[in-house]
Amino acid sequence: MLARLGAARGGGLLALALAVALLPLALVNQYLYDVAILVGLNAIVCVGLNLLIGYAGQISLGHAGFFALGGYGSAILCVRYGWPPLSALPASIASVTLLAFLVGRPILRLKGHYLAMATLGLGVIITVVLATEDRFTGGPDGMSVPPLALFGHALRGERVWYWMVGALLLACVWFALNLVESPRGRALRALHGSEVAAEMIGIDSARHKLVVFVLSAGLAAAAGALTAHYSGFITPSQGSFLRSIELVTMVVFGGMASTFGAVVGAAVLTTLPQLLTPLKDYEMVVFGAVMMFTMIFMPRGIVPTLAGLFRPKARP
Amino acid sequence: MSAQLLQFLFAGLTAGAIYALVALGFSIIYNSSQVINFAQGEFVMIGGMATVSLLHLGLPLPLAALAAVAVTTLVALALDKLAVERAHGASIVTLIIITIGASILLRGLASLVWDKNIHALPAFSGDKPIALGGATLLPQSLWVLGVSLAVLAALWWFFNRTLYGKAMLATSHNRLAAQLAGISVRRVLLVSFGLSGALGALAGILIAPITFTAWDVGVMLGLKGFAAAILGGLGSGPGAVLGGLLLGLTEALAAGYVSSAYKDVIAFVIILAVLVLMPGGLLGRRAAERV
Amino acid sequence: MSLLRAEGLCKEFGGVHAVQALEFDIQPGAVFSIIGPNGAGKTTLLNLITGIYRPSAGRIWLEEHELTGLAPHRFAAAGIARTFQNLQIFFNMSVLENVMAGRYLHERCGLAAAMLRLPRLARAERACRAEALELLSLVGLERYAGDASEGMPYGALKRLEIARALAARPRLLLLDEPAAGLNPTETQEIDRLIQQLAARGVTVVLVEHNMRLVMGVSDRVLVLDYGRKLAEGDAASVRRDPRVIEAYLGAEVRDA
């Protein structure tokens, strides 16, 4: 069984690496590169969110808030305080991580829909503050963000960003897979399986939940900061409730408790709206319908359902 | 009591009554299935928008409103029959995502069937403000409060005095036992969706003369209704009402005394504070997990 | 010195005194049973001595460490493990993984080490797996190691919980109605298992309704009624105690 698991993991990583390496062959114009980069950045958030939702069994309907804060933090440090982007970025990520730590402690004592509401409220609070404090944030129209610069050279251009995001995504997936298969990952899954039994085998559930929450918030902030520097601007709507719902949907859609599922979900749900733009006014209708159909017929999400088709049937 | 405070209270109660109706919709469906119906806000939207359309077609307001409620109820029933029931057996999270998909679908349909403009409904009995204690009250507010009260009374009677209502409550307490007692859980869920649809539509129609309606009003109203339901304790009818009123009042007072821009922030901070102190909401069941 | 000691233990739920003024003293290496009619407070007591409930009054010690009011994971860290009356299997994991999870306290693993997949982790995993398999054979489930725990028969799951609890290498093992819902053959297996554990030096606290099992395997028996101690002593004397008989043994005496 371990061999099979190892093969699945190794195979998956290889497939992902190949996909990242070979995709540029299909990316024939700037627009497609752009979509691919956005997919990658969304996937990074989803990998972290999947750890929280699929493995630790918690929920967050406010993760876009961390994403937006990561972006704004870096933007504000650069634009208002003149920090170089290369130091603003990690500083922003660190600050958001700290915020997640402070807020997470009281919030994670809540369960289920109450936790959902608390995280949702957090996201709304963040978004409103970002839209209102226009002295710092430029208000509802957002603010522009300088590009990342390495040794004086600005990092512009889709190709550079593509490889950077691709490498980062692979690293995140690798870290996530390692974590899940480690004793810590087992502790997380135990927590999800039965919190009281997990406590009784010595798992400090509060601390574990907090660690995963903070980790996933940090990843979201990192993706947000990178997105801001890549696209050159940021708006408060990046942190909106609808955006948070989108992220959760990507995770569930791709398959909870599946790191590859998170990547697939991000890929599908980021590209689908783009594919549907020719439909113009029908875009939302089709998108909503696709979501509903997929979840009705593949309730465990795409990757687990497809994996189930290929796995040999269990012994009766 | 200062006239200004009174003004804010009126506004708060009016909004609060609407939130309460939406919150009740959430609680009723939650009680039957543990699912949070994220399309609840869209029911509110359809109620208002459909009434606008029907008015334009020439129907008198009461008939248009009634027909709109019927339409929304049908939409809600369809959502249950075609989507939620089909996914029977799926995890709660999956069901929630299905309702999220439904809300997107409904919003998309709304933008096609109608448009993306803001529409107004005429006030039920004119919009000449009534002076009361130095503050002004819109007659529509009285409609909101009056109809809400009547609806609450009807719901209370239904759930506590009719056999079917009690059967629905039984399902929320113990699904398996209810099934064994011969209650069709599927039917209960269907009725729940229908009821929530009607409640949402009613809320949408009541508030449209004051705050206007558009294809996307459902998002915020759904969000606030959900917040109110959680604040009061998910699954508790009185909790939904209490949560709704408190949310409405908090918002109005915050908008009045602090800042209109931050009213949502203050409201949510208070909700967060309440939840941290009372993890099951104000009137929520504080059941200890049996191990 | 006693292994587990409680003094003046009380637990109240909004006016209902589930447990009142309870005191007991469990010696290491003993099999200590707690019996009583339904509602007597047995599971409440178990939850109190595992930290799941906080006592309204009273104190608990494991050897010389006071554990009163600590979180459950601290009780576990002190060396107490338990099974549950309503199974709390990790249904999202396989049979083997459930037992491996039980070893949590013995495989500390930092976040960075986990994410970087350091080599020593692989070695620790192999050892963990081996020990888990050994425990599964102890309870007779080694054939099911790779299977999903969901869908396993009830009796097997009860034994799985015991294996998981043992994985923590506890000094005190609490079994909450391990024979509930089991047929006589399965119950005999539990009996044999408990005796094996006692022979290994694990102190066992047993909450049970099955009198044959209790009387056959216990060194000492504590009888609860309405949350209070009704009687305590060795199996034979408790059986003969008229107060106990009156409270609930009743017809059992004629059959046994």
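Letters A, B and C name the chains as they come in the text, with residue numbers starting at 1 for each one.
Criterion: contacts are C-beta pairs under 8 Å (C-beta built on N, C-alpha and C of every residue); 3 or more make two chains touch, one makes a residue touch a chain.
Remember, it's a predicted structure, so these values are computed and weren't measured experimentally.
Using the average of C-alpha coordinates as each chain's centre, C ends up farthest from chain B. Here A is the chain whose Cα centre lies closest to the centre of all protein Cα atoms. Taking the mean of the C-alpha atoms as each chain's centre, chain A and chain B sit 31 Å apart.
Per-chain CA centroids place chain A at a distance of 41 Å from chain C. With each centre defined as the average position of its C-alpha atoms, the distance from chain B to chain C rounds to 47 Å. Counting only residues that touch two or more partner chains, chain B has 291.
Multi-chain contact residues, meaning those touching two or more other chains, occur in chain C at positions 52, 84, 88. In chain A, 196 are the positions where the chain touches two or more neighbouring chains simultaneously.
The residues of chain A lying in touch with chain B in their complex are 53, 59, 106-107, 109-111, 113-114, 116-118, 120-122, 124-125, 128-129, 131-132, 196, 241-242, 245, 248-249, 252-253, 256, 281-292, 295-296, 299-300.
Residues 1-2, 175-176, 178-179, 181-187, 189-190, 192-194, 196-206, 211, 215, 257, 314-315 of chain A are the ones touching chain C in the complex. Those residues of chain C that touch chain A in the shared complex are 50-52, 71-73, 75-77, 81-82, 84, 88-94, 96-97, 100-105, 107, 109, 111, 113-117, 121, 124-125, 128-129, 145-148, 164-165, 167-168. Contacts from chain B toward chain A in the complex involve residues 30, 36, 38, 83, 86-87, 89-91, 93-94, 97-98, 100-109, 111-112, 219, 223, 226-227, 230, 234, 261-262, 264-265, 268-269, 271-272, 275-276, 279-281, 289, 291.
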